[in-house]
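Down below is the structure, laid out as structure tokens.
For clarity, chains are labelled A, B, C and D in written order, and residue numbers in each chain start from 1.
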């Protein structure tokens, strides 16, 4: 398959072209070049992924256009899945970015909650955006193609750097600087862990190809150490609770095509790394490994969506929901590992297939949602949902596309989010096959948590869409909103189409994932394992079947029938527009509407234990009589207790040590000389007796 | 005869600096500064062939691969400083007298360092290194102030004491040697010493190495003898800091490395490695934690130098892999750090302070400088695509391969801490609202063009290690007798 | 079209047609238990016809979504009805969607209904949407675990197959795990279909409304569709409870006789359930909204116990 | 000679230090000449001459001048007795450390090696424990004496070229330090090193 190599070369060339082009040329031309490079590259990536998935044969990529020494590249079906993700979101982001990086229509800057950036400030430099878009895509492609530790590490750090710079393109925003610091810091900590685990794994030589590593035999202790390091390293990258702190800071402040890429693709690199290292290179491990992943995933899923529910900053809400989805994927992987450790290959492969599919789907709808949020922010100048509303009238396209994304993330059939969650459910339901009841009991609990998460997601996105796009505009900015330019809509439409296609066509996609499973060394004995069995137009899990296509057809058919039926039944009276009734209220104002905070209030009370909310209600009454209320102030906040529990103490300790050390440099020359002499004497003693 | 080309130009430039008026002197200086670089490249070619260049027959001067690596760094930094030295920027308000003094002394400084790395005789090397102390100490208070005088006084006292101890070590080694072979000529030459080393007394050579390590370690800024370094680097004029940070530390390390060879040859490798590891770890740790609560960016750069010296020192103790990594790291660091310091100087002259709190919005006030400075620091943070990424990885790998996983782990953690704190300070400098009363724009943008050279070098070293360089480093490792 | 397809269609139409009737029965029974005569069983049909004729009013700010929602909700509910075995097991249509699909289809309906509640911008709509989504979200895990219990005993999530399996092994139907799961699902049914003690279908007292609050702005044919959908939902849930836990009477072979028996059995089972519901609704009072989670957590525990029992009872 | 090094520990004036140093250098020169006589090594005579010229004549002059200029009262960190005791400990330590050297050497002069080391340590003590910049200079000079002594006793002196280099450096170093002493005096109006502790993190 030589064409794959040429495609790979084309990818790198296109990205390089785009990066340079965007950097050197100004204005529209620059934006066009950057977008063109990114688009071409991403399409090539997409083709490469499809090619390899279809062919299913891994192939090494000898010296790419990359002159880097020590770099070793190879593409197999596992990489191909993630190449699909990169290519899909990358091309959408490229198209979208062309419009987005154009100067936005002027709007009064409105403060967003969560200290977020308010609207079109001095606009981020489009050249930087174009260049960084290409660089980020290139580094991620490199990451996925890496075939030895060195390449892996190189791509990892390069990717972090590119992302960080992307976050910083709106450097006028102090929040962005802070976010970038956190992001790069956490990611570098992950990098350190990664170096450690790769050293352990490859026995010190970072340049040997993974194929050799795959054969390596390690002691149980070392394997456990590697696994824990992997959880840390990839947890930081994927935004796993409690390593997620950087995520809700970084994703909102980045330019929206960057946020889309970060949530949709960059996080997936954590998933990819985990699968590559733990499943592929180490062939899984004891059951407790899976338990750890399952637990961490469950925590992230619930925690993420609960915090998303309370957010009224649209992009932060989406960021938290990404944490949730990542959690779901980790749960699937964890379940898969558990099944693997009991030799239950079929459920395991269902679980991994579900994980991969959900990674793909999440990329599609989360990219779409972030782009939608970006369109809203660009034309209204705020991300604060309390100041939005009624946009479905002014930005119909954006609203419609965002609705598709919201329905997909809420796992509503027949969209893609549902398809993958269905697979994951199927896998978890197989839990009763686990011989050990104590372990088997994990699965129903996991099912419960997963179900809770999906229910809360539905609630959360009813709020996200309803408050943002429906009802009456809550601020003049929202009233004056205008539809996004064509390129942005096109980018979103691409992903929306992907959401629908992936939702209807699991029977096309899922079997192709078998290649990825085989690439991870999961080859079912005898006949191909159930998730890969396609029923006519449908898929079968281990215990059930479904067919999104027929479902969709049925739904449409019913709607049509009902419509006709109504006509026949003579119910064709024309619609009359009136003021909303609202139990006989005279006229309504935006202030009467439910706000995003109000919407989330019931759940905030139900989960008070997790939120640790802090409310304070101050009522200013008239001095004459307390029955004349002059004003009421109500502050509700959720205390970031994970932050307080983990990070503050660590930083405090660090500062204390630093203080001690600083005291050493006290300024007294005699003290310094004394250090010198003491060092000398100690060393002399050492030389006499330790020799 | 190549040594003439290597050593004489600095002296000539020094004289020119004294004799000629400022502008032509600057021109001459820049031109002459390029000559040693050329000479070093020639040495490089010869070293690749594996034959040390020797002159005269008595082998008074001798340049093998190791010396060549150092010579390259010194020549490079010398040229860089010749370009960016006082009188370069429009806004560094130096008097002609000061400029003259700097030109003269900095060139002598370069000369002494070059001498230190190419002489074959340990005694003379010691003399040269002591000379570097004296010369640089004279340069630190270029702008007379309480702070600069204090810094230089500390510098000269601590370093003189340290260096004196190094001489004790030298004498002890020599004494042991004389006991064996009698006082014959050239007894203090590497070649001779190394040849005789296996027969030396273990205890004595260990004793000697302790004195040498503490002594030269003082100069190299190893903890706990590093105390002079932040003060000196912070108070010295930026170009001098660039030279001290970029090469002086390296030269001191070179001395330690040389003596380590002797000790290894004397069969005391384990002891030497242990000592180096301990002191290296201590150095990295102290430097890292000093970075956390830093107030001034020049001190930050100084501590980062200490950290990198510590890393290099660790590398020396980690077998062939480690030594290779250490040498690579040394080269990377001297390029990156000298650049960073030179640019820091420009920032200082614009803001008239080195306090983080009063240096903000750099990207707005002086974009080109800021970009270059950021690139330099990103390189120093060990991020790809810059050279230090590769060398640090190589270091960790060596540490792991030679069976020090825990030490490697500790160093990794420390490096992360240093990373985060430097990053924080850097972000604070680059972004945010520009400090009031600071003029915007860069009148002498063209001045900055040469900065592209070190950045390019770092990029190349990060993306692909040219075979010519890796060959040189490999030869350098061979010098260690492996 | 094959016989099975026809049968599937008939089943669906049956559900759609009988649903208002079931609602009427429940109302009637309640009235009797409360000592009233109550409306005739056919009352819901009359209401639907009247609403269909009426002119629909739509709020100024309401968008196209507001008018599309009734169709979506109706469609999802009917689709669910099509997937639930009413008369016969082993129809190919059950392979179009399993229990998980059913649950998520219902969730889809709720999702759009909640959006429609927010759309006109009336405060009650928002309130209803918020509460409805809260309860739906909290009900999800119960359903999930209950499904697990079923799949565990029946080794499938395919509704037809679960019922068939029950028929094959009657013993499993009375296993403790199974009964616990039934209890859990019954509570969920109350929550999902908006019955007492979670919600009161017959009140329009502003502050206690949940489901009704979302329908507040609807009128004419749109309201008709939504009411009808609500009835179908109740019907479907009852059918699920009936045929998954006590499947006897379901036709295994597609002979007319068997089908007739199945129909009779279904009517009987639904009648029993309707009586139970009516009794319950007359006995208990509506819970405060923030007591509902407690109720649901009870049912969650029940479901979990069900799973545990079945797991250990293997 | 070690005694001469101990003198300053309880004396309090720079003049005393300077004189002690002079005597020390004188004895050093003498010793060198002596060893030269025994070993018949011409180079060592030259070294002795250098020592005499530099450390007995030139440097003391300069010291004296500075002393006259700045006046001389010395505040030690440690009082006399403690200093002396510490010095004693250090000398013992020197003996311990020098043990292998004694075993290794065959030279008649080896007995003096520990003393030389002791001298080095004591000079370090002086540098560390005395506040005045001037005394630190003298301490440093004594340190160099100690090293020279070590060189002579242990190895009959290092090669001449090195020796000369060392002397040059010593002289230069001394001169530079002298310059700084003046600078310190004019910038800080005192020679108290305590003043020099403004630079810190």
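We take it that contacts are C-beta pairs under 8 Å (C-beta built on N, C-alpha and C of every residue); 3 or more make two chains touch, one makes a residue touch a chain.
Since the model is a prediction, treat every value here as computed from it, not as a measurement.
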item: Chain closest to the middle, measuring from C-alpha centroids that were averaged per chain; value: A
item: Distance from chain B to chain A - Cα centre to Cα centre, in angstrom; value: 44
item: Chain B-chain D separation of Cα centroids, rounded to whole Å; value: 30
item: Computed distance of Cα centres, chain C from chain B, in Å; value: 78
item: Cα-centroid distance, chain A relative to chain D, in whole angstrom; value: 69
item: Multi-chain contact sites of chain B, meaning residues that touch two or more partners; value: 153-154, 157, 161, 203, 207, 230, 290, 293
item: Per-residue overlap in chain D, given as positions that touch at least 2 other chains; value: 97, 100, 124, 127, 193, 196, 198-199, 201
item: Sequence positions of chain C contacting 2 or more other chains; value: none
item: Chain contact graph, described as a line, ring, star, complete graph or other shape; value: other
item: Residue ranges of chain C touching chain A (in the complex, touch as defined); value: 52-65, 67, 71-72, 74-76, 78-79, 82, 95-101, 104-105, 107-108, 110-111, 114-115, 118-127, 129-131, 133-134, 136-145, 147-149, 151-152, 155-158, 206, 216-217, 220-221, 224-225, 289-290, 293, 300, 303-304, 307-308, 310-312, 314
item: Sites on chain A touched by chain D in the complex; value: 662, 665-670, 673-674, 677, 680-681, 684, 688
item: Residues of chain A that touch chain B when the two form their complex; value: 67-70, 150, 153-154, 157-158, 161, 168, 171, 174, 177, 180-181, 184-185, 188-189, 191-192, 195-196, 199-200, 204-206, 654-655, 657-662, 664-665, 669, 671-673, 675-676, 678-680, 683-684, 686-688, 690-691
item: Contact footprint of chain A on chain D as seen in their complex; value: 77, 93, 96-97, 99-100, 124, 127-129, 131, 193-194, 196-201
item: Complex contacts: residues of chain A adjacent to chain C; value: 389-390, 392-393, 403, 407, 410-413, 418, 422, 425-426, 428-429, 431-432, 437, 440-441, 443-445, 447-452, 454-456, 458-459, 461-463, 465-467, 470-472, 535, 538, 541, 543-547, 550-551, 554-556, 558-559, 562-563, 566, 569-571, 573-583, 585, 588, 590, 592-594, 598-603, 605-606
